[in-house]
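Once you scroll down, you'll see the structures, which are given as structure tokens.
In the two complexes below, chain A is the common chain; its partner is chain B in one and chain C in the other.
So, the complex of A and B:
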């Protein structure tokens, strides 16, 4: 009787442990630091990121109504304002907002959405690396 | 079988006295086409930030429309009421079976399969707009974003099945169901028709929707925050100037 309940307990805790580790693994696979993400984009593009090019890219328009800075501000160490909804957008610079660029899936999702609004296409790995390199130089 | 003049209809016993009767009141028809338009618009603006306010506005409109539809499903005219068309799985299976045999049962109001699509779409709308509202207000995390997208995808699938069902049923019954949802009339016996089209309720609903859109428009940062529309209208203005 005792052993039975024990084994049942251990089986359940084993299952819980498996589930938990699977969950943790899933989190680990997406968690990253901004520097890691930048390194990834740089490796993808095959050439080193250029900080000045990132700033230029971020603050100028690309044939459409908006630039990145339209919503994020020219110096995104401060909160921005959504140009369509007027909602506040938290600062983009990782030095100010520790949550930024720590989740590869989220980063990819927002690059995809926003590049589509600003350029009408997805951004290249080189463009992402440049922007991220510039953002990483910004201090509060 | 489809030649109504040559053969007696399978169930409703259409006879010489059959003529076009009013089945769908105006609130139902306005609701239907507003829902269709809002869903299409929200779908097309889903991937855009510049059209985000438009996307959100269309979603909230759908939520309000469904709230109205639920009330109208209790208080409305005969064929609008849930009690007259929501049926169990057996009735749905029987109807789909009759449809597959090429001899669908005839229903003046919603058929059981159509009713299922309606209930699914109403429920999905609440899931999609509820999760969308929560996302827009940064209430929950990634799982809710996924719920929003997944429910919207399921909704699109139901819409497609609904449209196919309407086309197949229209063809099998030799009856224009799309036209019926526009004009409100279907062939039937006079005593089966509804008495009032409830134009007043439809006008109130439409006024509420347009009023809400106007408010959203006013609240937008630039006075017209529907993004690209501003760009488009500015371009037109520029074009006008060039012509001068």
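So, the complex of A and C:
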């Protein structure tokens, strides 16, 4: 009787531990602050981010129809507008929109999509770090 | 007991209920529904760039083609991770259009080129379509004030000037 209840307990606590660690792992891979994400990209690129280069990258076209600012605005402390559908896009600057750059998977997804649209390729870690560094300087 | 099971009163109540149910179904069919509760993930992934179009607005085959081609989605990269892609594709196919919404796979799988869409909008002038407040025929909410709730009733239409 005693061993039975003990084994049931340990099975449960094992399951709980597995569940909790899975949850923790998921959280680690997702939740972040903009500064942490920037630090990650900077570490990946191997050199410090440059604010001015980030602004230049964001506001100029790269051989295609759109720049980042076509949809996000030249100074993304305000809402932008999707270039083809006209749908409103919430401000990108983290100081204005607290949800921005707080989820690593979401950040990666949008860099992948939007860099493909703007440059026809994925962005490098250095480019992402520069853009994020510039965005972090923007105040409401 | 207020009425016996087979009393005329009870039977007419059934009749009334049946009529209401049928009327509701007919109404729903006319308004791009049955109004399916939109999957939160669908809204999340698809409604960042455009409206969360009701799955009933396109036939299943059109949805499948669109979902298989997301990296080149009407000129933009709308790619998804494999698990999300699978989940949303299955959900769209399950709730895809029936009846007149499935009679054709519209050109380029565009909702706005389906025969029912063109017919419903035949009275909208080209000036209205070109208005900066409208910009795109896919911008349902520019005129259909309740579109985010799935409401396309004509009484809710306000064409911007």
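Assume the second predicted complex is superposed on the first by the 114 of 140 C-alpha atoms of A that agree within 3 Å, B and C clash if a C-alpha of one lies under 4 Å from a C-alpha of the other, contacts with A are read in each partner's own complex, and residues count from 1 in each chain.
Rule of thumb we're sticking to: a contact is a pair of C-beta atoms (placed from the backbone, for glycine too) under 8 Å apart; a residue touches a chain by one contact, two chains touch by 3 or more.
Everything quoted here is computed from the prediction, not taken from an experiment.
Applying the stated clash criterion after superposition on chain A shows that chain B and chain C collide.
In the overlay built on the shared chain, the residue A:85 is in contact with chain B and with chain C.
When the two structures are aligned on the shared chain, A:116 is found in touch with chain B and with chain C.
Two complexes overlaid on chain A leave one chain B stretch from 5-13, 59-67 or 77-85 clashing with chain C, and it is 59-67. Chain A residues in contact with chain B (one complex) as well as with chain C (other complex) are 82, 84-86, 105, 113-114, 116-117.
On the chain A side of its complex with chain C, the touching residues are 82, 84-87, 89, 105, 109, 112-114, 116-117.
Residues 47-54, 56, 142, 219-222, 225-228, 230-231 of chain B touch chain A in their complex. On the side of chain A, the complex with chain B involves touching residues 64-66, 71, 81-86, 105-106, 113-114, 116-117.
Those residues of chain C that touch chain A in the complex are listed here as 48-51, 71, 74-81, 134-136, 138-139, 142.
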